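Working notes, beginning with the structure itself.
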Amino acid sequence: MFKKLTKTKMNGWDWAFVICNTIFLILFCAVTLYPVLNTLAYSFTDGSEAILKNIHLVPRKFTTAAYKKVFNMSGFRQGLIVTVSRTVLASFLSLGANALLAYIISRKNFIFKRSLSLFWVITMYASGGLIPSVLLMTKLGLTGTFWVYIFPGLVSAFNILVLRTYMSSLPDSYEESAQLDGAGHMTIFVRIISPLCKPVYATVFLFVAVWHWNSWFDAMIYNRLKSQNTTLQYELQKLLSSLTQLNPSADSSGKVTDMTTEIQVRAAATIATMLPIICLYPFLQRYFVTGLTIGGVKE
Amino acid sequence: MSLIENDAPALKSKTTKADIKRQSILLIIAGLYVIYGIVFYYLPLLGWIMAFQNYKPRDGLFGSEFVGLKWFKFLFEDKTFLRVLRNTLAMGVINLVATTITAIGFAILLSEVRNVLGKKIVQTISYLPHFLSWIVVTSIVRDAFATKGMINELLLNLHIIKTPISYFMETKYFWPIVAISNVWKETGWNAIIYLATITAIDPSLYEAAAMDGAGRWQKIKNITLPGIRSTIIILLIMNIGNVINAGFEIQYLLGLGVLLPVSQTIDIYVLNYGMSNFSLGTAAGIFKTFVSMILIFTFNYIAKKTGDERLF
Amino acid sequence: MKSKKIIALALACMMTVGAFAGCAKKKSDSVVDWTMIAFMAGKELNEGNEIQEEIAKKTGVRVKESWNTAQDVASAVGTMIASNDLPDLIDGGNGSKMLAEAGMLVAWDDYLKKDEFKNLKEMFSDKQWELFRQADGHIYWANVFGKTYGEPKSRTHNDEAFWVQVRVLEWANYPIIETLDEYFDLLQKYAEANPKNADGVDVIPYTALCEGWRYFCVENAPQFLDGYPNDGSVLVNLDDPDNPKIEDYNVTPTAHMYFKKLNEVYNAGIMDQEFATMDYDTYIAKLASGAVLGMCDQNWDFAQINNTFIDKGFDKLGYNYIPLGLVAEKGQTKNQWHAYADVPNVSSGVAVTTKCKDPDKAFKFLNQCLDQEIHDLRFWGIKDVDYKVGDDGLYYRTEEMRKNWQNDAFRAKHVCNYSYLPQWGGTHRDGKNAMKPEDQESEFFATLSEPLKKAFEKYNYTSYGDFLRSEHITKLGFWYPMYSHSNDMNSTTDYGAAWVRMGECKHEWLPKVITSKDFETDWAAYQKAYADCKPELFLAEMQKELDRRAALGK
């Protein structure tokens, strides 16, 4: 219906807009794709060429040495397991926890609506710093465990507010009619509101997943000495910083046979860690690209 | 009070008692969240006493010597800190304006695309740079803006300039370069949230407008923008509070040598001066929180006055 | 349905994690496993590294080394103290003092008195050990680097110099270059005669890196030009030998002369026009392309370009660098670019933490690390696998062995240096070999390119150090190096705050004065801004420390 209507209405201005818009978006894509392709090119370039820089879209002296280095590093498998676990676990838990709280403070008649919002807004801007956090985690017995990745960031003000804003924009009629049917709050939250929130849930899920996937600082601070709990990104950081240290025998003019440089390995690590997120993306993307028709109760 | 104010008139008289009873479960759950918040977010704020001490790891949080406002004085008597504050706020505001406008604009333009596959492809590509670290991005930016780089070549070929510009040897280009880099890296990513909101707009509104003969621009102005208005306002207020966190990595990586007077932010200052000095870092952190809170309260108040969605 | 799947998935994940946490590695029970952190960049060894196992068999200790990553040492140490989460052994770098103050380290004093730890004791003279003593009267660490056993054997120059490509010297028929004027004159003339390399790249006569902590490349040359050794943050004037005085090399006439010269060559286009905002990667790219004729730098900072040189055949074109020890005035004999003496940095070193359950065993292990047998395993490897012994008793490596030791993958599974545990340079206890292979004569000349060999012959030199024409001072002042005192200064003290400010001021102003169109005005402004940082507070503290150390040396 909708499509038909717009098609019949296309006039000269519309065509001009569509053409300009298409050209603009293609240009924009070219500009944002360039750094990725550039990184890809570096990741396949030999180390001794990579330090000369000046590589654009085509690798020089093609090699997969950097990828071998990444996939063969000692902590790869173990780091991957921890990272996947924390990402999956934390994404679902955080989404659930944030959504429930957002539901509560988005109820129009909830008495502590404003004060609770303020309570969480403050947490976004006030931080005690690193040392107090470390002290707290140690006191709670989380230091040196896997759970230090899950609990501290479980509820985050930013995500709550994003969710709340979306939920408040939903028509009140959904909740009202459900209430008249005698549904309790939990039922309304799970059965009525959540299905309507798919686009924003997908967004928040993506935010949380990406954040956890890329985290390494907490692994370094809390699990530095527990090598079975380190994350993939921390292992990669260690690999990268080890490349800045030269092989002790490289300072005589001898040639290091399998030299990989920081630039090249960083590129390979970037590409390798981007792939899973890109694979996850289509599953979430449909929620915020194609949209959904709000059915059911009309206002 | 808020009950009566906010409630729909139809429900008000009927269900007050039941309503409070119904809210009790929400209150209990909210209480659990507050306990969590106090433990994980508010308890560490006890660390703020470090700002009033000569904190030493040896003596710990409660045993270090108190020095009053010494570290705040250190900051405000330092000309460098004032300059760094200026840089931070300037870059924060420029970045905020640039990234917000481009993200909204991009989301709207993308939502106008009818071809679903094309839309998905464009959207996927646009957010990829978000996953590149600043080290990777700055090295590309550096090459692009170099004397013999792409930008200069383009401008020379278009006869806009006659001689190549040394973008990194003059302070006036630095803030724009930082803003452009931010836009380049984050536009697609920032647009996701607006896209999600746009998809929730009821399509029947567009249909009705089309029936009334509304053009593309009018639909954007009268339906799309109002539809994402509350999201824009909420994100804007939250990000205004973050103006004081204008960034660290890009300025640290790009703003070298002659650019230092315009490139250093508070975070870089803290890295340089706060090395081994946890108290100074904490004092700077408190100051930043203070600035953020003032900004948040101010803009939240303005939003309240204009009747918009607000943070709290 | 969906939610059940999700829960199942989450549970599965948790179980995998649990399983991993649970499966402790089984190893022979006679060997203890310790952890060590050194706050430097480094490579982790593979599980079951061959030489590591060999050392474990002989000592009963296996050490898992971890390295610092992208965090400043002070906050890393601060958080470790807060969480009370320490390894068994540690090199705390600039955070060493913080660890000692927090009572996290085990004192060495009693062990140094006992005969069974004589290898450790032997590392330093009694007086030198006093320098490691902290304010509370104990010794908590020992620096493991820069110590020579017997005769020095080193042929490399790993430190700072004005470098010049060997082809430039060859072109000028191997002249002796003494001053900045001669140096830049040579670079300019060569560049005029050869503006492009064989592959069409424009030559850059001179460049200087001034990014972050690497800005020593522009900053500290004045101390060397005046003939002082690398005290790092100050120079020690010995005009009155009984009364050494701290001086500031940032305000000397030589500093003025040096920066004025840089300003002159910058404005004449001899110096890289983009030096002032160049990052390290760009700098290395320029060097590796063979375009840069000369620069001032430490050798370890750019040694990685050698691979590219060999790959591209640049080493045969004479692009390799030769170090020059320039001086302020022609004929000046005062020159200490190359240090012939040992340089113990007393501000950090290896330490045993209170977390270590068996400190006696730890010190025994550190002592064993210096036994010749273990030391050979660490640096030469296993006999007949990693090196051979000639009929004359000299160790040597075949081409294959050499290649192996330069291969990262091989090193990770076979080589175990324990590079931050006690070690020696210089001569082997057998009196013939070198403690470390890179100092062995045969190993050194086997790897030099033709143009370099030719330069060594023409000048009649046998080591890189010879090119620097430094005085053969084998005993430096007892206080040396003074940077071990300024390294861990920070803004918690007045003098520390002054020190931080001075650094910031130089970072900002040095590129400005070099690129200035009106040097004298900007220099005056810089000197004023520098004086506003109150360097006198810092210098007074350094003088205090110098006096303290000098008194200990008497």
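In this document, chain identifiers A, B and C correspond to the written order of the chains, with residue numbering beginning at 1 in each.
The rule we apply is simple: contacts are C-beta pairs under 8 Å (C-beta built on N, C-alpha and C of every residue); 3 or more make two chains touch, one makes a residue touch a chain.
Since the structure is predicted, the reported quantities are computational estimates derived from the model, not experimental observations.
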Chain contact graph, described as a line, ring, star, complete graph or other shape | complete
Pair sharing more residue contacts (C-beta pairs) when A-B is set against B-C = A-B
Report, in whole Å, the distance between the mean C-alpha point of subunit B and the mean C-alpha point of subunit C.
-> 41
Please work out the Cα centroid separation of subunit A and subunit B, and write it as a whole number of Å.
-> 16
In subunit C, what residues contact two or more other chains?
-> 75, 78, 82, 281-282
Residue numbers of subunit A (touch at least two other chains) | 53-54, 131, 135, 263
Shared-contact residues (touching 2 or more other chains) in subunit B = 57, 139, 278
Where on subunit A is subunit C touching in the complex?
-> 46-49, 51-54, 72, 74-75, 78, 81-82, 84-85, 88-89, 92-93, 130-131, 134-135, 137-138, 143-144, 146, 220-222, 224-225, 227-229, 234, 237-238, 241-242, 244-261, 263
Subunit B to subunit C touching residues, read off their complex = 54, 56-58, 74, 80, 138-139, 142, 146-147, 166, 168-169, 253, 256-261, 271-280
Can you list the residues on subunit C that touch subunit A in the complex?
-> 6, 9-10, 13-14, 16-17, 20-21, 35, 37, 40-44, 46-47, 64, 66-71, 75, 78-80, 82-87, 156, 158, 281-282, 284-285, 288-289, 299-300, 303-312, 315, 320, 402-403, 405-409, 411-412, 417, 419, 437-438, 443-444, 447-449, 452
Could you pull out which subunit B residues touch subunit A in their complex?
-> 2-3, 6-8, 10-11, 15, 19, 22-23, 25-27, 29-30, 33-34, 36-37, 39-48, 50, 55, 57, 61, 106, 109-110, 112-114, 116, 119-126, 128-133, 135-137, 139-140, 143, 184, 187-188, 192-193, 195-200, 202-203, 206-207, 210-211, 215-216, 230-231, 234-235, 238, 241-242, 278, 281-282, 285, 288-289, 292-293, 296, 309, 311-312
Per the touch rule above, subunit A residues touching subunit B in the complex are 1-3, 5-6, 9, 13-14, 17-18, 21-22, 24-26, 28-29, 31-36, 38-39, 53-54, 100-101, 104-105, 107-129, 131-133, 135-136, 140, 151-152, 154-155, 158, 161-162, 165-166, 168-169, 172, 176, 179, 184-186, 196, 199-200, 202-203, 206, 210, 214, 263, 266-267, 270, 273-274, 277-278, 281-282, 285, 287-294
